[in-house]
Amino acid sequence: MAGLDAFIDEIVIANRILAAEGITDAYGHVSVRHPDRPDRYFLSRARTPQCIEAGDILEYALDGTAIDPQGRSSYLERFIHGALYEMRPDVGAVVHSHSLSTVPFGVGGEPIRPMLHNCALIGASVPIWDSRGRFGDTDLLVRDMAMGRDLARAVGFGTTALMRGHGSVVAERGLRRAVYVAIALQTSADLQRDTARYQSVTFLSPGEVERCVRMLDAEEGRPQQGIDRAWEYFCYRACVAYRPG
Amino acid sequence: MAGLDAFIDEIVIANRILAAEGITDAYGHVSVRHPDRPDRYFLSRARTPQCIEAGDILEYALDGTAIDPQGRSSYLERFIHGALYEMRPDVGAVVHSHSLSTVPFGVGGEPIRPMLHNCALIGASVPIWDSRGRFGDTDLLVRDMAMGRDLARAVGFGTTALMRGHGSVVAERGLRRAVYVAIALQTSADLQRDTARYQSVTFLSPGEVERCVRMLDAEEGRPQQGIDRAWEYFCYRACVAYRPG
Amino acid sequence: MAGLDAFIDEIVIANRILAAEGITDAYGHVSVRHPDRPDRYFLSRARTPQCIEAGDILEYALDGTAIDPQGRSSYLERFIHGALYEMRPDVGAVVHSHSLSTVPFGVGGEPIRPMLHNCALIGASVPIWDSRGRFGDTDLLVRDMAMGRDLARAVGFGTTALMRGHGSVVAERGLRRAVYVAIALQTSADLQRDTARYQSVTFLSPGEVERCVRMLDAEEGRPQQGIDRAWEYFCYRACVAYRPG
Amino acid sequence: MAGLDAFIDEIVIANRILAAEGITDAYGHVSVRHPDRPDRYFLSRARTPQCIEAGDILEYALDGTAIDPQGRSSYLERFIHGALYEMRPDVGAVVHSHSLSTVPFGVGGEPIRPMLHNCALIGASVPIWDSRGRFGDTDLLVRDMAMGRDLARAVGFGTTALMRGHGSVVAERGLRRAVYVAIALQTSADLQRDTARYQSVTFLSPGEVERCVRMLDAEEGRPQQGIDRAWEYFCYRACVAYRPG
């Protein structure tokens, strides 16, 4: 697994960034699909994101079976990740969190929509998934593939969904983008809360959303632009070393 | 008292965590029932929580008498703790604080209710105790066992109560749970403030509250899950070393 | 001036605390009446509070004349301090700041009132002074004794006043109390903002305000209680060494 | 370019300050007109502001052509700067940012107005520029001189403008003033959000705005007063060494 070292390190950094930005607290997790085996993904053992190290990262089959756990316990909700990788071959990284900024929208039934150009990647309107709809009264945890698949259907072809009474999920093509979108979702929630006092708000138009997304797509690979410039910023704030993507 | 050293250290850590999370400021305190003598509890001498060290922890009888104070002064409101231990044999730890997030609910007369799954331990609805009801105009401090018992009755069989114009109290079976619930109460208050703009909010249903509580109960003892994972997170933020529970 | 060294150090600490608590930003100042000469007070040269050192503290006559400035420039608004010392022999320390929490109340015309027991020292209702009333369109600075005296009249026999479009002032009997009240004013403003959504709020009753003030008055001199315990907390947060009062 | 070293260092410091104050995040930039060649300006290569060093600063012609980029990439939106320098010979420094406090006002269509004396430099009312008006659905970036000039016209003879769905721009005569105004704009936005609950708010009168601006103008050059005292404060918070202006 030596060739995967840098890959694993990137997952550790993603955990530190999500913690530093307040996306995760004691809970929440981020996974990446295995670069060589699309039927596998990497995810930490059950541990608070702030503290995760390379030795905590485990490999999973899509159904949530840990390949070589060596006694380490797994996140109860790892099925969120497997279900999204199963349903969406284009998805390479998944973030699940309880970002407190987003929770009010889930319980208030208000979709989050982007009003800032660099938040367009959250999608034109963030769907709200309610586990109670199909599964009734539960402890709200996504404890099996059936619940994970139901959530994945709510995400659909998009990148995000809120989970009522629980948090949110982000599905993106790569790790840095997934982290970027998780933070953009939190930012968009904060902004939308602060515009609740207006009778009318100019959200990004569908055409603007499309062009903003295309702009971020087109620039991938160009060092220091867009997603990668944000990654340097997040690394700085999380006190971890930055490597160009 | 050598065998109690680790036990005392845990109280010091709890004080640091409560301070780091903004639950306590210059005021507020956390106690633990004596593990061997249920008619005694441990509580710091009167000192700001952020600064408390092992040498500050005193032993008290339930009526608030310090066993061996050696000239150190006591919190005026230690009766909060004794009254709860007296009335509730199941209670092993108590937190009293002025968490600013919760104060508006006490003076506005709005019960805090859980809307996030991992906040279910605060109870389905947090009662509000008003010292003025039975004791009239006072300085609002719980200065004797009569006031402490009145407050304990407001907590009832629950885990929390707000104190109008003053703060809140948490009674839980153990120290880590009490700290966890004090933070969950603050989080719930922040979330409820941010949903005040909605005409209708989906709080956790009674069935969801019950299942979320059971989930946290069932997992106790399993390292790195639930309460204990949160404790590692809180330790990290408070810059104190973490020991599994 | 050797015997005054500890006294001067305390002013430096007060500046650091006010900065750490966000009461002052680049502006704002705190003074103390001379312990031996009631017609003099100590105040820093014009400098941002966060950076003030013992060598910056100057002595002033009540009319705002610097005794020995040695080329150091004075705060334009030092007359706030002199006017309060002149009119109120009981006042031993004054804080002037632009605490952003309080500004909305000044421009909205809403008096701040205490709703938390340990904020009672701000007074039952904080008056709002508007320089425009008597002085018309100005740059809002208190540039002479006439304006300072007008502001002092607004404070009256109380401890606080808001200054419309500008900030606030606190007049207390000693330095630690003045700092305590400046922070309590900010806390009260934050709480009152967060209760604006309620039709009715239970503020402290007049009897409660009186008893809470008496409680804080009575305990002065007792180490680790009330004001002094808060001072230790503030010192900790401002990263300065604590000395019992 | 040796004689310019201190000048370049000041740009680096400005970037650190804007990052520390939350004006910039991963994006945003600050430029200064060349002191000897008014048809040139200095601006960092495309990099997150928090991380910028002296070696990142490039020289640009007003049309946005980098003079000697040596392979370093440029901000896509550098035309904001050139267009303002071209249209306004009095402008010596420009800040563009996405300060989250200001975004709600841009999308809500509410002009920001000063209510605190030391925020008067933002102007009596901040205009809102909407790129959609003349350029339709875009990715909202100011990608050429035509868009830059349209934005510059919205700024007019003032010092600030909001950019709908995007952020804001500040144009001032010097670097320290531009940074000061960018922060004052953010402060004013925060205050105006916190007064939205009032039916009527006393903003600064036109006469007060004029006098407050004159006050800050008149004192330039006097060490430790006004803008310069704020600069020392900002340096302290950004952990960079302070030099009097």
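Side notes on the structure shown:
Which chain is which? They are A, B, C and D, in the order written, and residues in each are numbered from 1.
Everything below uses one rule, namely that contacts are C-beta pairs under 8 Å (C-beta built on N, C-alpha and C of every residue); 3 or more make two chains touch, one makes a residue touch a chain.
Keep in mind that this is a model prediction, so the values were computed, not measured.
Between chain C and chain D, two chains of identical sequence, the interface residue sets overlap only in part, with shared numbers making up under half of the total.
Taking the mean Cα position of each chain as its centre, A sits at the greatest distance from chain C. Our note on geometry: chain A versus chain C, Cα centroid distance of 46 Å, whole angstroms. Averaged Cα coordinates give chain A a centre that lies 33 Å from the centre of chain D.
With touch defined as above, chain A holds no residue shared between interfaces to two or more other chains. Taken pair by pair, the chains that touch are A-B, A-D, B-C, C-D.
Within the complex formed with chain B, the residues of chain A that make contact are 25-27, 45-48, 50-51, 73, 76, 98, 100, 103-104, 107-110, 130, 132, 136-141, 164-166, 193, 196.
In the complex of the two chains, the chain A residues touching chain D come out as 115-118, 187, 190-191, 194-195, 197-198, 200-205, 207-208, 210-212, 214-215, 222-225, 229-230, 232-234, 236-237, 242.
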